[in-house]
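Should a chain be cited, it is by its letter among A, B, C and D, assigned in written order, with residues numbered from 1 in that chain.
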Amino acid sequence: MSDTPAPAAPAPARAAMKKELPERFKAYRNVWVIVELERGQVHPVSWELMGEGRKLADKLGVELAAVVVGAPGAGTREAIAEGFVYGADLAYLVENPILAEYRNEPYTKTLTDLVDTHKPEILLLGATNLGRDLAGSVATTLLTGLTADCTELAVAADKSLAATRPTFGGSLLCTIYTLNTRPQMATVRPRVMPTPTRQEGRTGRVVEHPIDLKEESIVTKVLSFLPDRASHKSNLAFADVVVAGGLGLQGAENLQLVRALADVLGGEWGCSRPCVQKGWAPAERQIGQTGKTIRPKLYIAAGISGAIQHRVGVEGADLIVAINTDRNAPILDFAHFAVATDAIRFLPALTEAFRARVSAHTSDRLAG
Amino acid sequence: MVEKFDCIVVGAGMSGNAAAYILAKRGLSVLQLERGEYSGSKNVQGAIMYADMLEAIIPDFREDAPLERHLIEQRFWMMNGAAHTGMHYRSDAFNEAKPNRYTILRSQFDKWFSRKVREAGALVLTETTALELIFDAYGACVGVRTDREGGIVHADVVVLAEGVNGLLGSRAGLRAPPKPDHVALAVKEMHFLPAETIESRFNVHGDEGVVIEAVGTISGGMTGMGFVYTNKECLSVGIGCLVSDFARSGQTPHGLLEAFKAHPSIKPLIEGSEVKEYAAHLIPEGGYKAVPQLCGDGWVVVGDAAQLNNAIHREGSNLAMTSGRFAAEAIFQIKSRREKMTKDNLSRYPKALHDSFVMKDLRKYRDMPALLHTNSRNFFLTYPELVAKAMENFLRVDGTPKRETEAKIFSAFRKARGFTGLFGDAFKLARAWR
Amino acid sequence: MHFVVCIKQVPDSAQIRVHPVTNTIMRQGVPTIINPYDLFALETALRLRDEQGGEVTVLTMGPPSAEDALRKALTFGADRAVLLTDRFFAGSDTLATSYALAQAIRKIGETWGAPDIVFAGKQTIDGDTAQVGPGIARRLGLNQLTYISKIAGLDPAAGTIDLERRAEGGTQVLRSALPCLVTMLEGSAEIRRGAFADALRAARAEIATWSAAAAGVDDLQKCGLRGSPTVVKRVFAPTPRAEKAKAIEPKPRAKETAEDLIAALFEAKPALAADLERLAAGL
Amino acid sequence: MSKPDEARVEEKLYQNRYVVDGGRSHIRVVAHDKPSANLLAMTTLCPAGCYTLSEAGQVEVAPDGCFECGTCRVMCESGGEVEWNYPRGGYGVLFKFG
């Protein structure tokens, strides 16, 4: 392959001589957040977006709307109530049995119909499989701009949306504007924005939006749904909690301690490259530059020095705990917490402490 | 049905690309096998490119070849712990229309050369590793087996341009694998600096370049050499020693490199640089005596695989290109006369090498490897220390009469090597250099 | 059957370094590769062709040097390759790109038969937006099936296709109809290594190189910067996290240290406690 | 990775571009109880630090980051201590500059 041609140079010149916003888009107002409702469950990223949407709406002096789409009685009312608690002023509700399971065609038709009718200036979706699938087809149908996986959303001086996202594999960030089309669409990855504080008892008005959909005209059918628990494949890349072991465990048998803690936390276990080289663990359990990249809420590294090849695979974790006897191991440069003790001795104690702490609460809740 | 070509070239380094280019230009059907992702992805070199040899192959290469800097200054250094004694030759004459020596980056240069080979009409298969040669009942080489499914391919002649390790040739018993005292292990890093910084530190401008080649205590008493080559936006910084010395010394290559980089004469040149690659390769050092049989029925061997490297003058890529060219010319002559690719017919190639600078230079220095190798402690430890001390005494003005200073210098040499040692070394060096 | 696979030549982002001092992107020596996700799409198309018969056409839009990526795709066993290259495309964002590719796919259909399935990678590693696939589907009226982990069945006669799609917390089993646009998840197949005959054919192959006009991309207003509603205004390096890890001092009894650690974690991320309970209860 | 030298090589190797051929190690150390002098020398000689001495006193090789320079072949193949091959086409180290 030849060397990389200079990627399309950013065009500040063109952005500067921005054409005036076409007349028809001048009326577009308000910030919308698509509430991702599947099988009665709302994906937490929707509430994180409410927090962001609230900030943008306040700066623009407009209203924040929650958009809830689904089959009647499938948690739509509860989702709207939660939407208000997290800051929405109003909610657009589309209920139709055909919208029970997410499918691109009916959902795209519904959302584009809503947008053409109520004309939002900013439309936010979670960068989940559903959000990305939907955002792509809606943006193309509306022929508007869409910026994906944003890590920061701000209002520019001219009241347009300044969306910042990682580029070149995350080594750089870039700020992107949607120049002369509306709505300005953006998707945001889960767990990037904080969840806003709940304002119990807060309510707002609901706008019901009828939509006529005919099942016969929709090609793709959902035959069934297999929940994740059923499949035991190691989905290290998607896990919320990961516990990994390294050379510091001195032996393959001690990886057992890592698995025990992972089980108690309902997470996945992994290891560093040297463990795979020594044959302690299979290659698909390896985390790092030549293995898996993980983005869990909690990552516990037991006896891992944290060489740069490992770091690039775990830097996305929300919380990194390093259990390592070496006080100046490289992992301490990017871990959030460090316990300078021998992992082999500490892991069992940590497993018991978590088991006690986690199960005690569940039993209270069940009893309470 | 097994495909058949006029010739198969194994390897897309300097010698392989030169041979494939000329064979294709002459209208032969050529298949070139490269195990890397692209030509250049597996090739490591200092790297200095000699223009005359490339002009003989692609006269107008300067129009679009990726060249880093043309060299206008050569610095030979003898280094000890804290100092270096240097002989510099810099001439504005090197700023000529067709400069003689360039620094290059092998992965960019080979990619360019390989495009020329494709344009000439050769078929280039990348990411394909040749596993073994195939011979017929009479022991003539008829083709190659590769590591892709159904990967057998035939040809009238196979050009072995597989690099210093020469796996195919040695596995087929055509030559012995290289020995520890016939190859040097060199490690190098690419240090990135803004072009202006390089130009100010080396006192050059535009795309003028400087080369530093250093011997002395930096190779810890081993037969070896360090180097700094200036490229457009980076410096190639490296050091290499004979593998046999290295093994005995217990030193690590990366440790030696770090020490070389920390030397007071080198450190300021690379201050604040960003390292973007660390590489290592073997360099043939055996010279004339290590050159194996160069052709046989249905095969020829070119470049490093034929140990064609003049270590004393650090010239490898020019010998590689030239051997590739001579082999291609020989094959074309045989093909145009519709003769067989027998060992005798192919011997035109080694004959051409003998008549050219390639073998003349190698023969000239045939005793040098042995000499440097057996006396490595003297040439790479004692003398550098003696020269450094001599310069130190000579330059330090502390009122001692000049006659006394000179006497002190000579006594130091005599005490270290004794008269017989000094004359012996001088005589051997002169004889090996003659 | 006819399968069209869209691939993209991207910089190998793992090799990109940001200069620690000047914070500028150091582009020297960053080679280009085929976008890794696209290889799973190509492998799936090749398997379906091997099972059902037919041809696989590989398409890419990019600078002339993108031909290398196409030649490599041919080495895997694809039957033909089309390079869409024109200076009008410079600076296209995903909307403009999906327009150009959709037009080229229409032209491919007219030339070698309408595609039954158009494949694309889940996303690119340099753009990461995952919008070009959906954009093409919209413009060509194809059923959009993204994040596909497996194609369970394909019935050309009935024109139906059964697939498994990765969703939140599980897998949807879908039945849809041809023609459709499919983006494959990474790991959905083991990438093959081309046979020698394929490598030879790839080296010999003539790669169809189409300009905008040749590909039927006639509305130039929809291409390049003009056709792109979004524009990159600023590119900068993230500020690295400075503070060191907070040390939890080990106590004589490991149990106490463990409790200290857990307390510190829950204090730093209150939501973590609830998450762990939900996970532990297997929800 | 005890030796400080070792850690520095690790840092250097990170800069390089290396395509791992999962599960197919192109270099294999032949089983031995006491490593020969040449094999032992590889624990310092290998420029990519791929050769290490295990606690049980055996020399092990993990050819990730290997430069395919051939030094270990030159030192140990004739003595039958090492089985040396190139990685599959397209795998292993891929130099950006060379």
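As a convention for this text, a residue touches a chain if its C-beta (ideal position, glycine included) is under 8 Å from a C-beta of that chain, and two chains touch if they have at least 3 such contacts.
Note that the structure is predicted; figures quoted are calculated from it, not measured.
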item: Most distant chain from chain A, judged by the mean position of its C-alpha atoms; value: B
item: Central chain of the complex, centres being mean CA coordinates; value: C
item: Pair with more cross-chain C-beta pairs in contact, given A-D and C-D; value: A-D
item: Averaged-CA centre spacing for the pair chain D and chain A, given as whole angstrom; value: 41
item: Inter-centroid spacing, chain D versus chain C (mean Cα positions, whole Å); value: 34
item: Whole-Å gap between the CA centroids of chain B and chain D; value: 23
item: Centre-to-centre distance between chain B and chain A (centres being mean Cα positions), rounded to whole Å; value: 53
item: Per-residue overlap in chain C, given as positions that touch at least 2 other chains; value: 14, 17, 29-31, 68, 72, 193
item: Set of chain B residues in contact with two or more other chains; value: 37-38, 107-108, 127-128, 146, 148, 190, 234, 276-277
item: For chain A, residues contacting two or more additional chains; value: 1-3, 289
item: Contacting residues of chain B [partner chain C, same complex]; value: 3, 31, 37-38, 107, 123-125, 127-128, 146, 148-153, 190, 192, 233-234, 272, 274, 276-277
item: Contact set on chain B toward chain D in their complex; value: 35-37, 40-45, 47, 105-108, 110, 126-129, 146-148, 164-165, 167, 177-180, 183, 185, 187, 189-190, 234, 243, 246-248, 250-255, 258, 275-282
item: Complex interface listing, chain C residues touching chain D; value: 12, 14-15, 17, 29-31, 193
item: Complex contacts: residues of chain D adjacent to chain A; value: 1, 7, 10-11, 14, 18, 20, 22-23, 60, 62, 64
item: Contacting residues of chain A [partner chain D, same complex]; value: 247, 273-274, 277-278, 283, 289-290, 305, 307-309
